[in-house]
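Written out below as structure tokens is the structure these notes cover.
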């Protein structure tokens, strides 16, 4: 298994986890099987589609490589059938979601930098890669996006994106800095979950 | 009238019908004339705009050819003035909507294949061409998209897109396979409406 | 200060005002600091991002020039801390918002024309530059977009976009016609606000 293969497998695990989060939201809203699969697809791949459109990578990876769409749909269908049993694996899902957050941010930021986007824009696009799907999931199911309301989630992505950008500008390339940054984001996200850290809300 | 003209006329009929569905939703939500026209425009052309962005066809057809925007706006304004009388033609509207579903899916899938999108992605973009406008219409009017909740609609589009892709890969080109596939989708959609077929919902 | 500098400053004032409108909506919905900044960013730059994607200008200006994102975020954070005092400057905010409406429409229309979009499409994209951010702001905060429901706002943008297009086709270029058209839109918007003009709603 080459490092490219390893990155693809990691990416597809992220897709599956984010699709599962979308599919769960769809089941909770009593969507039909198609709706559940669609929300799963959008939750997993919406952020990457937005990034690819913004950097001019057309067609976006979600449409160019069938493995992404098929992974998202299979994960969504699995949730549709298995959802009553998913509560038992809730901790595992949160762990994998944190892994997806770190990985999507790191790869999204690097893709934007590689496409020639300046640092600030690349950080924003890296963060959007990670949070865009969840935003779209919440809009499709009629909710104000949870990422805008509470918890340390997008801020972890933004901080990680800055780290990835600084490392790339200092000349660190290849899988090691990427995996280090992704792991760091995942770790901070898990600590934030465990300690119930949150971002301040304005005084009324 | 050449076959290109025929296709344009068919396309504009699809635009008018989808715009009418958007405008009706806008009237029901008490939007003003601008809002009704805007939701009509988005319902008719939102799916195609998304497809064009994804295949790199810029500016999207909705902005490149004025006949699309003008058709959508005229149909919306007609609904704004005539809506109390539209209930009488409800069956006609459902028939035309089914025709739009078939046609938009078939042309959307072919455009994606022509732009070099691989088969799975082209099927997804073909389906999105047909359902994207309705999704945007429902989001703009504060509803969870109906296409995600019930009825056989998007699944007909997806099946039809697969058919169009297989036919194209087998070497069938020109208007005949396109019209055949579009008619088949329209027929299945009408049967699904008549028989009240629906997609399963997950057990609670 | 060159006329290019003057245009940039004017553009950034528009960004700050639209970001403030988004941030205010975010504060009202009790979003956290990140959510407030995100909605501010989208309200200020969402319309321009949509326009840039549609004309193939990638990466969109919001990601290509850091001054846009930083201005939007700073204005949003200012609203987060200062919002109880903002009611006192409500008239100023409405004035600046009207200025942003005129300016964003004028520059958006010209950018679309420069990119080769035909007149009707360029008018639509100019209007979308001005109203797209507000649409996205309302969707993110769970509201049916206010621009679709009442008030003379988008119609001013559309009329102004037509004016800009006609002037450009008649050979008027440079900052003078742009500023004239922007000022005219701002003036009409302010009169519409003052006189409480509104667009008709369909009879029930």
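Should a chain be cited, it is by its letter among A, B and C, assigned in written order, with residues numbered from 1 in that chain.
The definition used in the following text is that a contact is a pair of C-beta atoms (placed from the backbone, for glycine too) under 8 Å apart; a residue touches a chain by one contact, two chains touch by 3 or more.
Values in this document were obtained by computation on a predicted structure and should not be read as measured data.
J.: Considering only chains that satisfy the touch condition with chain A, which of them also satisfy it with chain B?
T.: Chains touching both chain A and chain B: C.
J.: When chain B touches chain C, do the two copies use mostly the same residue numbers, with over half shared, or different ones?
T.: Different-residue interface.
J.: State, to the nearest whole Å, the distance from the C-alpha centre of chain B to the C-alpha centre of chain C.
T.: Here chain B and chain C have centroids separated by 30 Å.
J.: If you look at chain A, which of its residues touch at least two other chains?
T.: Where chain A meets two or more other chains at a single residue, that happens at 53, 56, 139, 142.
J.: Which residues of chain B touch chain A in the complex?
T.: Per the stated touch rule, the residues are 53-56, 112, 115-122, 124-125, 135, 139, 142-145, 147-150, 154-155, 198-203.
J.: In the complex formed with chain B, which residues of chain A make contact?
T.: Interface residues on chain A, with respect to chain B: 26-27, 29-36, 38-39, 49, 53, 56, 58-60, 62-66, 69-70, 80-81, 83-84, 139-142.
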